[in-house]
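We call the chains A, B, C, D and E, going by the order they appear; numbering starts again at 1 in every chain.
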Amino acid sequence: MAGSNYLWLIPFFPLLSATLLMVTAGQLPKKIIGFLGAGSIALSALCVALQAQHFLASGEIMQVTLWTWMSVANFAPGIAFYIDGLSIVMMSVITGVGFLIHLYSLEFMDDDSSYSRYFAYMNLFVAAMLLLVMADNLLLLYLGWEGVGVCSYLLVGFWYRDPANGKAARKAFVVTRVGDAAMALGLFLLFTELGSLDIQTLLLAADSKWQSGDLIPTIATALLLGGAVGKSAQLPLHTWLPDAMAGPTPVSALIHAATMVTAGVYLIARHYSLFLLAPITLEAVAWIGLATLLIAAFTALAQQDIKRILAYSTISQIGYMFLALGVGAFSAGIFHLMTHAFFKALLFLAAGAVIHCLHHEHNIFKMGGLRTRLPIVFWSFLIGSAALAALPFTSGFYSKDPILLSAWAMPNIGSYLWAGGLLGALLTAIYSFRLVFVVFFGEAKTLPNKQPGWKMSLPLALLCLLSIIGGWFVLPLDHVFPAYSHGEINHSVEIISIATPLIGLAIAYGLFLGKQLSISGFTQSTLGKALQSFCFSGWRFDALYQLLWVCPYQVLAQLWRNEPIDYLYRGIVSLMQWSNEQLSKLQSGELRWYATSMVFGLVILVLIMLRSLS
Amino acid sequence: MNGLQIPLEHVLIIASFMFSFGLLGLMLRRNIIFMLMSLEVMLNAAALAFVAAGAKWAQADGQIIFLLILSVAAAEVAVGLGLVLQIQRRFKTLDMDTAKRMRG
Amino acid sequence: MSLALLLGILLAGGLVAWLSERWHKDLPRWLSLVTIGLALLQLVSSLNVLAPDSFTLVPDGRDASSWLIHYQLAWIPRFGISFELAMDGLSLLLVLLTLLLGLVAVASSWTEIDFKPGFFQANLLWTLAGVCGVFLALDLLLFFLFWEVMLIPMYLLIAIWGHENKAYAAMKFFIFTQVSGLLMLLSIITLAWQGYVHNGYYSFSYFDLLALPLDSTLAYCLMLGFFIAFVVKLPAFPVHTWLPDAHTQAPTAGSVLLAGILLKTGAYGLMRFSIPLFPEASMQFAHIAMSLGAAGVIYGAVLAFAQSDFKRLVAYSSVSHMGFVLLGLYAWNSLAMQGAVMQMLAHGVSTAALFMMAGALQQRLHTRNMFKMGGLWYYMPRMGACALFFAVASLGLPGLGNFVAEFLILVGLFAVSPVMTAIATLGLITAAVYSLWMMQQTFQGKTQLATKTTASLQDFGGREMFTMAAMMLALLWLGLYPQPVLDLAQPVIDSLQALVTISPQIAEASL
Amino acid sequence: MMESLFYLASFIALVATVLALSRANATHALIYLIVSLLAVAVIFFLLGAPFAAALEVLIYAGAIMVLFIFVIMMLNLGDSGVAKERQWLSPRYWIVPGLLAAILFGEMLVALQHHSAALSGKMISPKAVALELFGPYVLAVEIASMLLLAGLVGAYHLGRRFLARTEMEEELQEELKEQEQQRAQP
Amino acid sequence: MSTADLLALLPLLVLSVGALLLMLQIAFIRNVQFSSALTLLIFALAALSCGPATDYAPRLVTPLLIADKLALLFTALFCLAGFVTTVLSMDYMQRRGDQPEEYYLLLILSSLGACVLAYAEHLGSLILGMELLSVALYALIAYPDKSILPLEAASKYLVLSGAASATLLFGFALLYAITGSLGFSDLGTQLATQPSGNIMLLVAMALILAGLGFKLSLVPFHMWTPDVYQGAPSPVTGFLASVAKAAIFLLFLRLFIDAKLYRYNMLLNCLALVAILSMLVGNVLALQQDNIKRMLSYSSIAHMGYLLIILVVCGSSNNRALAIEAASYYLIAYTATTLAAFGLLSLISAQQQQRENVLLDDVSGLFWQQPLLAGLMLIALLSLAGIPLTAGFVAKFYIFSAAISGYHWGLIAALILGSAIGIYYYLRVIFYMSKRNSPSYTLASTASGWHISSLSTALMIIILLLGTAPQPLMAYLRSIL
């Protein structure tokens, strides 16, 4: 069952299941729906596992073309797959984590009336995401890219009867579409310049055609970066992700934490050689990552909604991945992508369990003391948070540490990047443990009405395990990316990097559990309040965009609503009507006037004739 | 007996004057009888011009056209006066300014 | 002969359908289906006799005999006007689309029409005949004749079976197309006169008028005559304002025909006549045409977003989408032209479906105002799913036909004008804005309807679902395996390109 | 002598025409018109067209004008409405038409000044006219007979009803009143 | 006059003899049915007699009349138009009682006048034909005695038409004074010897143009048209709008060509100006007209403007043949279409005793009540609007071709603008006809009967045939010109 001939099965299973679920439109019994929904992902995951084993054993890159999509002149993208180590990693994460989340969903969504629709969308998403990472050419990648966007839209707005959810869903889609449009332009540019959209051909052609620092690769990579920024919720297109938490929590776990949002990272990693030709863009990637991770971390500190905290933390962690890509540590970025998928999925699922068991309560300050009442969830959350904060020996530590060290090793700007990343790490530790302490310690404010069943607990347990041991995985990326070594790093740097999360933990403990520290004096002051609300609103990005884009667009639409162009035609019509009325007045019915007008005409005619006198 | 030997223009000027005045009458008068009279004056002016032109070319054609104009005038006046009778009967007036039921 | 027969079937079928309403009021629509079916059969059987490789051979653009089917009959020899019909891959595609959407139109108005159903079906079939004639006619005057004549049944469809403001809409539609048509008539006759002066004999045949040596100013003016007629029909900014009104007021079948196929005649005209007849002038004009296209893309999208009327929204989205066609055609390279052809087909299907949706909504809710809808998914999930499908199709989701079309157009266009491409790409974003807005207002959110209305709402039945499913499959097919269509169109595009040896950039440089 | 006679006749014709068309009383106007026609007849005679002159007197002044007089008498127009007619002839009404007519006349004068030709001075006898009339113009005579037939039938049809007053008269009056009222309303 | 001469004039003779016969019949037996049947017979015979007469064409019969094939073609057309008018009148006149027999006599005389105009080659026949046509028409217009609008219309027409005739005659008198000739061809020969800048000549032409312009209701001599068309009985309006117009235009064309008036640029300029004004003003005036008769009358003003383009095109000798052919075709198509349009109105107004008006509301829903009549009206209106498949389109195509061959872009622009406006008001009628009325609405009653149905069908077929198979007529026109 392994080998390129069977690759098509991987996206096929979820696609088939999605189609079946859609066509039957909820008419199937619930058990079969669940079986189809989760089972298809399981089959898919199994296939991935077989393929991965085959790949690891043989190390051969698999390529297969199912059919030529379209062929016009020299433009001939196929429905074709290209599987190398990077794809294998991504596919494993998608199907593996995806399967766990589907399993979890079986219970989480049990009482929802649109059970079938949910699994249809989820399966469709997995299929699209798989196409994205398996695609051999940029057009198929774009298909997956847009496909996951639509599924994200559908799932964010899953509970469609609340208009707020619809709004969040549209925001998610449209904001990412801005990035997608840039990416599409990038595709046009690349095709026009290189004559192909096959990724490997294109990369080779780019290498031979351009020198590092040329203008065109810079523009092309900047445009691709636009797409990546949109999809991965990086500055300046990050505002959609917190709102996207309106969807069911497993959706947030799968799409908005583990897989889709990391597509941007994948895109850049996939085209790393192109980005290497554009050092300016690559540096921009690093800076974007850094800025995003800091802004998001600050914002996360001020949030009260458990899912929003996690959302901002996702943005922040992807910032780390961008930072890694930007400094050229592609493997580190991908590695962090994987571990992040584990622990962030774990955190979301655990948060989902909390919400599920706590009457859909989202506000962390209305929770508390859940340590004893939901022990499984507590341990999951704790492990997840530890990994998020990159405490030593968790997977997060193994992935984040190389990023910081690579940043340090960057010439010229390395120390700034490193310092920024370090600050981010400190903040990460503070907000993640703030979450743990507030939710699971202290006195209980709301009592859970149920306990998670095995379908929820098993994924949590497995993800806990992965979050811990994920750091020891060795990814088959050696042949994908150039060997990277950040050389000898000062030990003090290493130590500071390791110690920072611990300091953060301590601060969080002092602030939220032991109460040794208090910043209430500061938070009560005017400046503090302002700062808090500034952070709470996500640094006012939403308001800014509202002012810059949304409002002008709406005003424009309202202004044009009645067709300014049509006024021109209506004016012509009015002119005609006016002349008609004026001329009709002349038709007075008076015989003498008619005679007069005739004489007038005669006089004019004779006058014209007389003009030839002169 | 021989005819006059004066410039043709003089006759034509008289004809023009009569023609213009006929038109003026048409534009001014409201009584349909006067309008018919104006018509007669205009036709007469044309007839005068034809006869004069015929005299210039020493052709009988001018007079023949005059003859035709005469029959035309007779026919028009016959029907016109028939109409006058009807108008008087229907409108109780010959004032054509009252006859403007159709307009616009 | 087979092509004339095709038109004859439709015309006669219309007559029979009209007369049949005396016997039973359900008879006309069945007869209508049968007629279109017969026409399809006739088309297929006439293609069957052709050699398989004739579909891939590049026809000689100047020689009718190299086309798939060619038929000529002297009509008015006094002016060299003949009844000349011919079919190549492009015409074939568009005729197929016409007939298939004809079936959709009949299905979409299955229960809508109570008043004079026979005459309704007759007008519908005559419109189809007119449109097929437009796609097949190669004598310029015959082409003009079909161009004008198809308007009358369409006018009657709107004027008789339209909605509240039908008089205004029908009139606007007719006058816009007629006035621009007069300009085209002027251009056609002037062109033929130039042909007469040059050749010494009258001819309105396409092949005789191609490559006529013309004074460049005159050629430019004549090209404008054609161009205006075609862009009005397309419709392109800023002569599009008839479209929203006509669409809004037309009965469902009328909207389906109007959006699905009538608009395509404009694009077809540009591709077949306006550009090849006046290559230099057209390419000099290309930058203006493309600007209009790009403006239309954005303008249409913004206005679509501003609408509260479901049908108006879809109508403006058509303006936006047809802007892409204009861009694609004037880029005049294989990619962009293939994209334009694809856009004609895909837009035909997706917009027809959306209008059908609008018709179904209006039939159920008696309103087109989206602010009075909302939350309909809950009551009519099947309808919601269909709407969703076509909404994302219209915003250009990859995997569906519209994406292939827009992508090809933009890729092709980029090589010609990156700036235009960038502007048009903005259309991808704005399309998302209005499509999703439409979904939100109608099927999502809280319902604004009275409970009495919602209680009696009926979801799509079997007939409607069948039609919808067919169109969905068509879009998926166009989106995932468009190669048959591309292969059919490619020879035509090659031959058209052989007629126009100058590219927009060169023409612009020579200005 | 003949010349002065011509100018005298012309003068009379012009003055009579002006007077005819500016009278308020129809009968007076008609008398002036007859004078004008007689003067034109003199001009015809002087121009060498005795046949035309005779016909002018016989038919124009004699027959057609008498027809007018008959109608005026029949309708008993007489003095009625004279005052009204006078009022209509105030300058307010005739300024524009007068100006137009004057311009037209002026234009003709200008045109005629650029053309000069003398009359032949030859007399064309009635015989010559007759020969011509029943030669090449014979068909004109035939068609003229049809024309007169049309005039006759038309005049008969229109006039007959005046003589045979029908009972419909009152109905028509009512309709007329209604229409007047309708017009008065807006 | 030889036998051949008389045979060449056969249609005229048939009409004249017919008129006399009819008069005798009226004198002895007053019977409407008989009179109308006789009239139909006379028109049919006259039309048929054009056939044998063509064998003797072309021939100049006395200096007054020229019997060429064009004249015979149009004579036949006018007789057929008379035939159609008679059929339409039968129903109309029966309901108006009061000695309708003379009506047919006048109709024959009027047609005779039109035919004389078609033959006219001399000022004498011009005046007589024109006056015969007009004088009979005055009486025809005023014929109904149950309504006062006809009277008003007739008096307006009489006074103004008389003035126009006088103007025309005065113009010819000036021409005669200059050239000494009255035949058109002679005039052409004589004019050639005159300097083309002769002012008196030009003024004479202005007078002639004004006179003919009135008869053709060209702007600014158009004011009478709507009132007269509205007030006249509908069949007469149809006759007036089609036959009278076509006859005068044919005459104008003959005069223009034979007397070589096209040599005068000033005249061409004036014609172009008048044409443009007519096209625009006529169409604009019709725009919001609710009275269909008035609307059609305004549209006829515009159509005459379109026709005038042809005279301007005649200015260049290269395109003259095409222009004449175009004019002939246009006149035939226009006559058929106009007769159909007004004929339908006469059928609708037939039962409305008190009024000659047909308003838009009166045709509301006609499609569903009287499909045949509505179909005829639809086709007639489309033909007037110049939509393909109808006679009007081929006619417009001809005008376009002619105008383009002379590169008269200004005229073409006005033509397009005018047609564009025209579409609106023609369509408005169609829209009203296709209206769905509430059940309580009662349609204005319409006449019916087998003769009406067959006439409507025949007219419809003629208009469509002229539009779809114009080749035979085109070929014939080319062969006779």
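Throughout what follows, contacts are C-beta pairs under 8 Å (C-beta built on N, C-alpha and C of every residue); 3 or more make two chains touch, one makes a residue touch a chain.
Chain-to-protein mapping (UniProt): A = NADH-quinone oxidoreductase subunit L; B = NADH-quinone oxidoreductase subunit K; C = NADH-quinone oxidoreductase subunit M; E = NADH-quinone oxidoreductase subunit N.
Given the structure is predicted, the values throughout are model-derived calculations rather than measurements.
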For chain D and chain E, the touch-path distance in steps comes out at 1
By Cα centroid distance, the chain farthest from chain B is A
Comparing B-E with B-D, the one with more C-beta contacts is B-D
Relative to chain E, largest Cα-centroid distance belongs to chain A
When centres are defined as mean Cα positions, the distance from chain A to chain B in whole Å is 95
Dist(centroid_CA(chain C), centroid_CA(chain D)) in Å evaluates to 68
Between the Cα centroids of chain C and chain E the separation in whole angstrom comes to 42
Distance between the CA centroids of chain A and chain C (whole Å) is 37
In chain A, the residues touching two or more other chains are 584, 587, 589, 591-592, 595-596, 599-600, 602, 606, 610, 613
Listed in rising order, chain D residues that touch 2 or more other chains are 97, 100-101, 104, 107-108, 110-112, 114-115, 117, 137, 140, 144, 147, 150-151, 154-158, 161, 172, 176
Flagged in chain B as touching 2+ other chains are 8, 12, 19, 22-23, 26-30, 35-36, 38, 47, 52, 54, 56-57, 59, 61-62, 64, 68, 72, 75-76, 79, 82-83, 86, 90-91, 96, 99-104
Every touching pair of chains is listed here as A-B, A-C, A-D, A-E, B-D, B-E, C-E, D-E
Within the complex, chain A is touched by chain B residues 23, 26-30, 35, 96-97, 99-104
Within the complex, chain C is touched by chain E residues 368, 382, 387-389, 393, 397, 400-401, 404-405, 412, 416, 419-420, 423-424, 427-428, 430-431, 434, 436, 470-471, 474-475, 478
Contacts from chain E onto chain D in the complex sit at residues 1, 16, 19, 23, 61-65, 98-99, 102, 105-106, 109-110, 112-113, 116, 124-125, 128-129, 131-132, 135-136, 138-139, 142-143, 145-146, 148, 177-178, 198-200, 202-203, 354
Per the touch rule, the chain D residues reaching chain B in their complex are 2-3, 6, 10, 13-14, 17-18, 20-21, 26, 29-30, 33, 36-37, 40, 43-44, 46-49, 51-52, 55, 59-60, 63-64, 67-68, 71-72, 74-75, 77, 81, 84-85, 88-89, 93-94, 97-98, 100-102, 104-105, 108-109, 112-113, 115-124, 128-129, 131-133, 137, 140, 144, 147-148, 150-152, 154-159, 161-162, 165, 169, 172, 176, 179
Per the touch rule, the chain D residues reaching chain A in their complex are 96-97, 100-101, 103-104, 107-108, 110-111, 114
